[in-house]
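After this come two complexes, each holding chain A, first together with chain B and then together with chain C.
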Partner chain A sequence: MNKIIDSLWQAVNADEQNCKLLKAFVFTGLITMAIGAVFALLMLLVRVPAFSALSANTYYQALTGHGIFMFILWFSFIQATFLIMAGTILMKTRLWSVALAWVGFGLMVGAVGFALVGVLAGASITYHGAIPLAEQFSSAWMIYLSFILLTLGMLLTTLDFIMTVIHAVEKKLSLTSWALFFKDIPISTFAAIAGLFIAIPGLVASLKTFLPALLWTLGWGDIHPEMYRMNWHVAFHIYHYIPALTLVGVAYVLVELCADAHSVYSKKLAKGLFLLYPLFVPPTFLYHLLVDPNIPQGIKFVGTTLSLLVGTPTILHMFVIVGMLETRFKSAGYGALGWLRHLPWKNPAFSSMMMGLFTLFIGGLLSYMTLQQTLAPLLHNTFAVPAYVHAIAAGGANLMYMGALYYAMPLLWKRPLWGMKLARIQSYLLGFGLLWMSIFGVAAGLSGVLRRYALAGEELTDASAQMMNLSLGIGGTLSLLAILLFLLIMVMTALHRKPQENSQVMANLIPTIPPATSMIQRSPMALIPPLLFIIGILVMTFFAFHWLRSLSIYNG
Partner chain B sequence: MDNHTKKDAVTRGDKILVWLTLLVLLLGGVLSLMVVFLVDSVMSSM
Partner chain C sequence: MSNTLESTQSMEKRQKKGAKVYLIFAVVLAFLVLILVPVWFLLDVVGGGHSHGGMMMSVEAFREKLNTQQEAYGLEDGSIRPSSENMVFIMAQQFGFVPPVIRLEQGKHYDLAFYSPDVLHGSTLVDIGGGTLNAVILPHRMTTMSLTPEETGEIRLICNEYCGLGHHLMKGTIIVEQERDPLFPPNR
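== the complex of A and B ==
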């Protein structure tokens, strides 16, 4: 049996209470994903011109539900799962308080309930909970209450993680003890610690945003819509960088599990790179507001300039992660390019990770167009934005999380992964579907298709309708099929057999890579993806400004 | 994780990582909280 998998198996089995807690988080997370997928289907039935099967009202309701369930709730549950895993299974220690985590989980389940009832009762206020819009819907308070409960639940889970970390250090006031602790913990646990200093201010910002909104909907106070919008963007900006950090932390676990690859560069370097996030993330929130006419141009200029740096830590991590694979396979005797062919492409967790990295790469490139101060006002309200966001979030982060669940489900439920053949195609199908959706979606956005607007087919030009048919009709449908396939594999894994008491249930996920026969310390090929990304940014920027010059408004 | 007493296992680099973590996380935390709490007054002054 593989050493790492064996050690994880023992850690999971050493604490039954923790295992139950993790299963509850994963199970509820999968339910939120399923609900989010149903809302996605309803959206497709409106926005794909070839379908145009439902009313506009259904679209706005589904838009609200899809955003909240997929982006907010599913990500919150799965990230809370990873946070607990990072503090327990990966560190081989016990959670400071299982009871506190259960209270946090309960509050988060409450958030799911209020969000679902709120959306079904017709609070079509999107996940922005836009204040002028909320006035029109009597059930809007449920959405704000849902966000508050979710924030409180995550706050308790995070506090539990912090206490677990402090508890694990032998002498709390000794520099040597902390140094040993930081040295011993896996890179992913360090990533979770670094993420705290985005997470805590993000949760505070969330309470500061949604508490006044809730009171206002209940008639107990006044609220300034512009101030709410600004606060919402601060909270949202911090929140949406948690997946950016988490997906990298998960990638470090997956690359060891799937490919038996270890960092040839110092672990301290990889850990140190996570410290760049708290510095790079907070000042860049202004790129969400480049379209806001109330913000002076000078501030926008600073915002857009800082935003160009926001991908730096992730690009550096990608070099380390790809370098881990390159050196491991070259050490096993594979050639300069031959190692790529021998990567474990048939392992669904590995293919999820690689497709996640690839969709993140493409989505990241597309995103750099909308970070430009001049382009943001033109593209912000077009379909180009959700198109590239899906490559980054539903692709990059979500695929990475799915990859982790391909290992976590058999580990926690003690059953072998069901449907290995289906699992092998699922990640490729989702990656392909999302890339197709994103590329044609950006093209639709450039042709003028609006976002968050239930355009019926007859209101679009032929070219725009064609792009939407390609983007959502084909790409969106394929992605949805891949999500359903994933849910089926997860549910069947949990149900189809009786639990087994040995780590053989993981047998089909163990890497079968020849042992290292030499020590390879350099990874020149790993430089290629970051260099391609930087060249890609320049090409995309050139293309974007070329497109801008071609617009009649700029040509006079 | 169960033995953090072997002082010889700790290098200068390990201790620097602790200080760096503390510094950056405090700085990042303070910066984030500043954005969270000062945004209202910046907006009001515009």
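== the complex of A and C ==
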């Protein structure tokens, strides 16, 4: 058997209570994802010109539901799962208080309930919940309440994690004891700890945004729309970097699990890189407000310049992670290209991870267009925005999380993975679908199609309509199929057999990689993705400015 | 025996050193994202941006400006043909733009001043051949967009910020007319 998988198996089995808790988080997370997928289907029916069914009201309702269930709820549940895993299974410790985590879970389930009822009751305010628009929707308070419950639930879970960490340090008042602790813990647990420095400010910002909004919808107190807007963007900005950090933390676990790969660099490097996120992320929230009229140009310039650095930690992590694979496979004797061919492409967790990295790369390139101040007016609120979000978040983070679940499901439910053959194609299908959706979506956006818009695109030009047919009609439908396939595999895995008491259930997920025969430490090819990334943003920037200047309305 | 041991050791050393060099390359690349800053200077686009303004104003005050504008430049078909010497005032409200049709002259410089009396809106100008310029319109705050239309034809005006269930109905049109078209003398 495999050492890492065995030790994970033992860690999961050593603590039945914790296992139950994790199962609850995962299971509820999958339900929220399924609901998000139903809303996605409804949106496709409206926005694909070839379909053009259903009403505008349904569209805005589904849009609100989809954004909240996919991006807010599903990500929160799965990230809470990883947080607890990082503090228990990976560290081989017990959770400080299982009861506290259950209370947190309960609050989060409450959030799911209020969000669903709110959306079905017609609170079509999107997850932006802008003020004063929300006062025109009588059930808007349920959405704000949902966000508050979610935030409180996450706060309790986070608190539990913090106490678990403190508890695990031998002498709490001795600095050397802490230093030793940080040195010993796995990279991904350290990532979770570094993540606290963005998660906690994010959660506080969330309360500061939504508590006054809730009170205001209930008739208490007043609230300035621009104040809400600023607060919301601070909270949301921090919130959407949690997946950016988490996906990297998960990737470190996955390369070890799927490819038996370890970094040739000291663990200190990877851990240090995680500390860059809290440093680089908070000051860059301004890039969401680049086209706001009330923010001075100078501040926008500083904001847009700092924003360029948001990708830096991730680019470095990518170098380290790809390098782990390259050195491991080259050490086993594979050549300059042979190592790529011999990667475990048939392991669904691995392919999920690689598709995740690939979509993240493409989405990252696109995101570097939207965060340039002078380009922002070209792309702001066009369909290019959700298009790249689907490459970065529905691709990058989501695929990485799915990869982790390919191991976590059999581990927690103690049953072999169901449908290995389907699983093998699922991640490729999703990665491909999302890329297709994303690339043609950006093209549609450039041609004038807007985001959050209940018309299909045929009201613009034929070309726009064709782009939407390609983007959502083909890419969106394939992605949706792939998500449903994933849910099927997960549900069947949980149901189709009796649980077994032996780590043999994981047998088909164990990497079969030849042992290392030499000690290759150089990873020249791992430099290729960062290099391509820099070339990519340069080429695309030149192209985008060329396009901008070719507009007959460009000159002011 | 000791020889091979030595050579493996020296190889390991070389490998370690190589690994460090590659890491340094990676760090350089990761910070090279900042190269976009000199590129902005090179392309001369620093501090650019299409919307500005930001003055707060009461709904009454803006309505008055609209009325004055209507009296001076209103045409019988409901459109206006404003002079490029004054700001062009446009009310963005649930769910339409007032005035809905604006006639501009090709090659002239205009400042469009958008104002929302109710909720958050956005203004998207869709160029004649596709391609958009987008701006945010905050409630009770003026957003100005400068524009020198170079081609004749129709520029669509759409709201780009979800503003309620009729969001997609919120549209307007800017008609760019030929320079000094003798058929359309200035109507004053």
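Note that in this section the second predicted complex is superposed on the first by the 551 of 556 C-alpha atoms of A that agree within 3 Å, B and C clash if a C-alpha of one lies under 4 Å from a C-alpha of the other, contacts with A are read in each partner's own complex, and residues count from 1 in each chain.
In the analysis below, a contact is a pair of C-beta atoms (placed from the backbone, for glycine too) under 8 Å apart; a residue touches a chain by one contact, two chains touch by 3 or more.
Since this is a predicted model, take the numbers as computed values, not measurements.
J.: Touching A:294 in the superposition: chain B (first), chain C (second), both, neither?
T.: The answer is both, since A:294 touches chain B and chain C.
J.: Which of the two partners, first being chain B and second being chain C, lies in contact with A:205: first, second, both, or neither?
T.: After superposition on chain A, A:205 lies in contact with chain B alone.
J.: In the superposed arrangement, does A:177 touch chain B (first), chain C (second), both or neither?
T.: first
J.: I'd like to know which partner A:512 touches here: chain B for first, chain C for second, both or neither.
T.: In the superposed model, A:512 contacts neither chain B nor chain C.
J.: Would you mind checking which one, chain B or chain C, touches more residues on chain A?
T.: Counted on chain A, the partner with more touching residues turns out to be C.
J.: Of the two partner chains, chain B (first) and chain C (second), which one does A:168 touch, if any: first, second, both, or neither?
T.: First partner only, chain B.
J.: Quick check on the superposed pair: does A:305 touch chain B, chain C, both, or neither? Answer first, second, both or neither.
T.: Second partner only.
J.: Is there a shared patch on chain A that both chain B and chain C touch, and which residues make it up?
T.: 226, 294
J.: What residues on chain C touch chain A, complex-wise?
T.: Listed in rising order, the residues are 8, 11-12, 15-16, 18-19, 22-23, 25-27, 29-37, 39-40, 43, 45-54, 109, 118-120, 122, 124-139, 141-151, 155-156, 158, 160-168.
J.: Any idea which chain A residues touch chain C in the complex?
T.: Residues 56-57, 60, 124, 126, 128, 130, 132-133, 136, 225-226, 229, 264-265, 269, 290-294, 297, 300-301, 305, 308-309, 311-313, 315-316, 319-320, 323, 327, 368, 372-374, 376-382, 446-448, 450-455, 460-461, 463-464, 519-524, 526-527, 530-531, 533-534, 537-538, 541-542, 545, 547-548, 550-556.
J.: Considering the complex alone, what residue numbers of chain A touch chain B?
T.: 91-93, 168-171, 175-185, 193-194, 196-198, 200-202, 204-205, 208, 226-227, 230-231, 234-235, 238, 266, 268, 271-272, 275, 277-279, 281-283, 285, 294-296
J.: Which residues, counting only chain B, touch chain A once they are in their complex?
T.: 1, 4-7, 9-10, 13-15, 17-18, 20-21, 24-29, 31-37, 39-40, 43, 46
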